[in-house]
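I have a structure here, written as structure tokens, and I will follow up with some questions on it.
Going by the order they are written in, the chains are A, B, C, D and E; count residues from 1 in each one.
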Amino acid sequence: MNLSILIAQWNYVIVIALMMIGFYTVIARGNLIKKMVGLNIFQTSVFMLYISMGKIQDGTAPILSDDPTMIYSNPLPHVLILTAIVVGVATTAVGYALIIRIQESFDTIEEDEITEALNEEALAERLAEQH
Amino acid sequence: MSELILALLFLPLLAAVTTLLFRETPNIRDGASIGIGVLTAICSIQLFEMVQAGQSETLVLFAFAPGLSIGFTPEPLGALFALVAGCLWPLATLYSVGYMRGAKEKNHTRFFTFYAIAIHAAMGIALADGLITLFIFYEILTFSTYPLVAHKGNADAKSSGRIYLGILVTTSVTMLLLGIIAVWAIGGDLTFREGGVLADHLDPRFAPILLALFAFGIGKAALMPFHKWLPAAMVAPTPVSALLHAVAVVKAGVFSVLKVVIYIFGTDFLLETRASEWLIWIACFTIIAASLVAMSKTNLKARLAYSTISQLSYIVLGAAIASSIAVQGAALHIAMHAAGKITLFFCAGAIYVAHHYSDIKDMDGLGRRMPITFACFALGALSIIGIPPLGGSWSKFMLMMGALDAEHVFVIFVLMASSLLNLYYLGQPVIRAFFAQNTGETGFSEAPVAMLIPLVITAGMTVGLFFYADYFILSFKGVTP
Amino acid sequence: MNFFVVDAFLMVLLTIIGVMAVKQHRLFGVIILSGSYSLVAATWFVVLDAVDVAFTEAAVGAGVSTVLALATLSQVRSNEKKRPIEPLALTVSIGAGLLLLLAVMDMPLFKDPSAPVHVHVGPHYIGESGAEIGVPNIVTSVLASYRSFDTLGETVVVFAAAVSVFLVLAGWTRKRKSKDEA
Amino acid sequence: MNFLLHAPILQIVVPLLVAPLIILLRNRHIAWGLAMASTLATFLFTLHLFLTVNETGEAIIYELGNWPAPIGIVYVIDVANAYVLPLIAGVSAIATFAARGLVNAEIDIRDHSLFYAAWMLTIAGMLGQVATGDAFNIFVFLEISSLSAYALVAIGAGNDRRALPAAFNYLILGTIGATFYVIGVGLLYMVTGTLNLVDIAQRLPAIGDTHTGFAALAFISLGMFLKMALFPLHFWLVPAYSYAPSVVSALMAATATKVSVYVLIRILFGVFGVDFPGMDSLLGVVLLGLGVAGALIGTVAAITETDLKRLFAQSSIAQLGYMAIGLGLATKSGLAATFINLFNHALIKGAIFLALGAIAAQLGRVTMSNIQGAAKQIPMTIAAILFGGMALIGLPLTAGFISKLYLLRAILEEGAWVVAVFTVMSSILALIYVWKIIEVAYLNDRPKGAPVLTETPAQWISAWVLVAATIYFGVQAEIIVDAAFSAADLFIGGNQ
Amino acid sequence: MHDDPVIRVVSKVLIPTIMLFGLYVQFHGDYGPGGGFQAGVIFASAFLLNAIVFGMNKGRHVWSPAFNLQCIALGVLVYGGTGIAGLLLDGNFLDFNVLLANPVAGQHLGILLVEFGVGLTVASVMVGLFFAFASRPAHNRLMHQEDTRLLKSSTEATAEPTTTGASVSKKGEVKK
């Protein structure tokens, strides 16, 4: 791919890098809290993607002033991201609530240990099926 | 005419209803269904004559999706099948009454109900105006006969039932349905048409594949290797084997094959593309192989079952040869074999009820104790073997003619060979019954008269069919003479 | 120029924090790092003129989420089990990243005034909202009027979150059956 | 004022605002009453929309806050989503009716009002996604329905603790899917400057073949694949469905994935269009391939299951495979087949899971061993499962037959014999697991000491309403088929 | 820490200020950055501070979970109600122009109401979440006392005792 563009667009490149750091954490890490943190980083970086596209050359915050020559950045991405942030925190809250419950009933928040417990239950069930 | 169609379709259902209504009073229940059976028979005869006189009419019950409708158009072949099923049903019912009571079977009501529903389905298949209607009634027939096959309800019956349903449903839902939809996608139409639907749409190279989907997909035709369900179905009470697995069900299969060959592919198309060549081989193989297996069976019903498989392939063979005489011969064979085979099964049932014998070894000398039964058995057997003056000889003769003018000489030899095999494995029981010495007690003891009457009548048919065969020679349109 | 400096500085900072957050195994540290990540991001939003977003991100990302995370942490084991790098996950995320880099190829340039977003719908808000709504803060007028249905949805999401959390946490006193007890 | 004039928005707003009302009143009986009434009202609204749209043939455009697109958010009710909306609303109404009994059985009495609030939010969210004409608004309503769905799953049938990890995975994967969708929408917005679906569709061709456009397509598709549990991204679905409270499983199995399928259709065909660069490979290779794989693997997995909820959840994977195949064909009849399948499968799975729920309410779990000989004790309930199963196999005179008919036809029209063979194979494999259930329930005898099962009309009526619908639409498919084809016509005009 | 005089005094001063700031952010959102959401969070933080410093139970007396839930619901209803109002005044849903004779004034009023709804919901949700997380077992019990009280007061004829509610409902309601 054409590197000169990537350099010119380095801002986006970094945002993407951040996104992928978050994404990797979500899918790779087995600790549920770590997953949620990864999700937070992932989503925040997506927000940054949106905000970057709203920015305009020497623009200012989209709050109308009397100066007619003023250039404003595009407010629409801001609005979308406001909504997205709220949605994000809502998800986070539910996620953490679930984590607490999982801790309570499995006494761990490590994915592999939970899977282990589940497999044991499944095995016990299979045996019950046979009898 | 449409009244007749409706009558043929719904009289059996009516019989099912009355059976359920009068489940408390067996005599009324059975009487009613026999009476309705007779009515059905009369209707089927009328319909057949009207159709032979060249009348035709389409009756659409309802359309369930755009371009897909449940509709009925009697045409010669269908009318013939309806005639066979319709006329044999009351006889079989009468016989069943005798059998079920004689053999102390349980659940008579359930038995007669599904028996009637099965006939309803058979009628639907016979008169169907297109593949969709045919397919739907085909499935109804499959599922309505399952309770009859698994009637005894013991482990043996259950497992046989599983084989029965397994093979029939699998073949139909996979290959047959696929074939039907392929026809729909290629020809754009599913209604039977003289000269075929696919004639100028289908790429000849695909024709054999598509034909295979139908030939094997119609599992009821019991073409090898999809024949196992038929022997399995023999666990059913003999009346079921007699009417359904010698007439209604299996004939529905081969009938469907004929319909597809004539009205979907079109015989001309098959003749010029020679797309059905391979099917001739399969049919011939089935004829011989099934006969050989039949010889090895000593259980009478099992032997008859394999003989049925072999006989069905005669009809498939006729369809595969696809010359007009062959096709007519095949159609004729539906009637001829029906009369013959039902007689044989009736006799087998009679023997079972009278003496609880089902194995040929036990029948030595039995002929002297049940002369009527075995005389009829002999007639039926000879008719199947194809010896004049019995009906079976005509259809076999026409099949040979058809094979000749389609230049399939080896088919002649196959038919010859199979006749010889028939002679052996159908002749043997008769010989042993009449001439072998039996050790057991002697003295006349026949099955109940309710069973004797039908089997005498059907035996008479085999003779009568020889003299009135031309009455059943169908005049197909769209099949080059 | 100074925009570039601040921008670059914050970006680098974010990257560092992000990587640290992934590598860190003490969950307390992880949570604090993610909180600070949001905080830095908020600052960056200010630099990019998104003051409202910055405000919210600071209050929520750095504030609420962190509080919730810590509340959760107080209930659980405080260290993450160490794990090797997951090659599959790595390839998946790198793949997604490459796909996005591909997308960057044809993106309108950063801050380019002729980018579609700056010529199609946005200008209407900037130009007309004064007359149509009469509220100086364009974000507010878009948020609460032009796209107020989204905001209704947003409010409902918050409501849904509350309902869900109460539903989930209500069962706390009622111990969960595991199969052997059932 | 004329309420019907506002039907496009009321269908969403009524359930949306009933949820807080339920919380405000905090009485479980009133809660159910409100839920029932509002779902019924919603169903009537959607029905009205369906009729009017199919009568006039042109889309109803409802401008929220009276702001025209693309400045504001608009609802666009066209033949496509007017076809999906009544389905969701109707199934929801029936499920809500069943909820009365099932919720009492499975959910702590103290949580009922919360439950019904979440329930209504899920329904409203699903309807919102389907009805809206704004790319970002889809995301918002997707999250509304998902968030409450996570909680509903987490409750767990009889407090089964395995529901918790199931819900958590569902949450993580659902959120990833939603975020991918947002990324995709962001890229689209970046190149078109608008969020209105129609507007995007009009402006995309001008952009031409760009990597950005392709990336947007890829991310949105991936997100939706996750949400609709397309193989191999289906791992969240089976536990989520099988450990959730029965009535929740019923609602979700019937509707949730269908909504995502619809959104996918809308974006792929309505926004990008079949001619968009890269589309042919996405459809013809990815969707078709994954569809076939899902159809086969889902069915095989279903055969191995002994827990009936899991079994039918697996079969949902297979059914989604069929829908993917329909899309992958990228022809009008293929799309129509998917629409038909979407409708019929919703009815079938709804019926089956409601019936399962009636049993689960008494046994906790429904397994092959504990429903032995159940047919004699609860004939109606088992019969509902039986009919559902027959429809899944696609036997004639059931809606399933119609779906299969049109799907296979669409496949064969493209001459894709291999695909057709695989499809048929998986449908015949379905016969095996259905038959297993029939034998266990009908042919086996109820073992000694097994708990006695009971049923009252109240318990099976809702399942049977859906069974009746399955049969009716198997015999009178005209309405559905026509609607499906006109819907498909909206996205792919012209060819056959 | 409850008896650290400095913190107590400071927070006594701080809490009202935070609330004031919250109100400012709420209603100044039209002119500067801010609005219902941010205001809600800030406002909530005041309660949280109160709860942290003066103890959960005190905090809960100020803001009972049941009341909390009702506020959450009310906020959404205010928002939705504003939309419905526009609908009743022959406008579309969420059409603020028709709220008053003068469209712009209508928009102002609409935005004001809407933002208030958001603020109310967000504030009470934040408080609720905090209680739910921070002191759940107690909070849970208390919430359910509220529930059953309401249940008894409502048409609930057979109000089971809270503790056995689940089991009773299982036995009592399935079989009948």
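Criterion: a contact is a pair of C-beta atoms (placed from the backbone, for glycine too) under 8 Å apart; a residue touches a chain by one contact, two chains touch by 3 or more.
Not measured: the values here are computed from a predicted model.
Considering every other chain in turn, the ones in contact with both subunit B and subunit E prove to be D. When each chain is reduced to the average of its Cα atoms, E sits farthest from subunit B. Relative to the centroid of every protein C-alpha atom shown, the closest chain centre, again from C-alpha atoms, is found for D.
Centres computed as Cα averages put subunit A at a distance of 26 Å from subunit E.
Centroids of subunit A and subunit B (each the mean of its C-alpha atoms) stand 68 Å apart.
Between the Cα centres of subunit C and subunit E there is a gap of 24 Å.
Within subunit E, residues 31-33, 37, 69, 72-73, 76, 80, 83, 93-94, 96, 122, 129, 132-133, 136, 144, 166 each touch two or more of the remaining chains. Counting partner chains per residue, subunit D has residues 16, 19-20, 23, 64-65, 108, 110, 136, 140, 143, 147, 150-151, 154, 161, 164, 167, 183, 189-190, 195 touching two or more of them. For subunit A, residues that reach two or more other chains under the stated contact definition are 19, 23, 27, 53, 61, 63, 76-77, 80, 82-83, 86-87, 90-91, 93-94, 96-101, 105, 121, 125.
Every pair of chains that touch is listed here: A-C, A-D, A-E, B-D, C-D, C-E, D-E.
Listed in rising order, the residues of subunit C touching subunit A in the complex are 7, 11, 14-15, 18-19, 21-22, 27, 30-31, 33-34, 37-38, 41, 44-45, 48-53, 56-57, 60-61, 64-65, 68-69, 71-73, 75-77, 80-81, 83, 85-86, 89-90, 92-94, 96-97, 100-102, 104-105, 107-113, 115, 117-118, 121-122, 125-126, 129-130, 136-139, 142-143, 147, 150-151, 153-154, 157-158, 160-161, 164-165, 168-169, 171-172, 175-176, 178-180. Residues of subunit D touching subunit C in their complex: 16, 19-20, 23, 64-65, 67, 70-73, 108, 110-111, 114-115, 117-118, 121, 124, 128, 134, 136-137, 140-141, 143-144, 147-148, 150-152, 154-156, 158-161, 164, 167, 183, 187, 189-195, 203, 210-216, 218-219, 364.
Per the touch definition, subunit C reaches subunit E in the complex via residues 51-52, 54-56, 59-60, 63-64, 67-68, 71-72, 132-137, 139-141, 143-145, 148-149, 151-152, 154-156, 158-159, 161-162, 165-166, 169-170, 172-174. Looking at the complex, you find that subunit B touches subunit D at residues 62-66, 68, 135-136, 139-140, 158, 162, 165, 169-170, 173-174, 177-178, 181-182, 184-186. Looking at the complex, you find that subunit C touches subunit D at residues 99-100, 102-108, 115-122, 124-125, 145-150, 152-154, 156-157, 159-161, 163-168, 170-171, 174, 176-178, 182.
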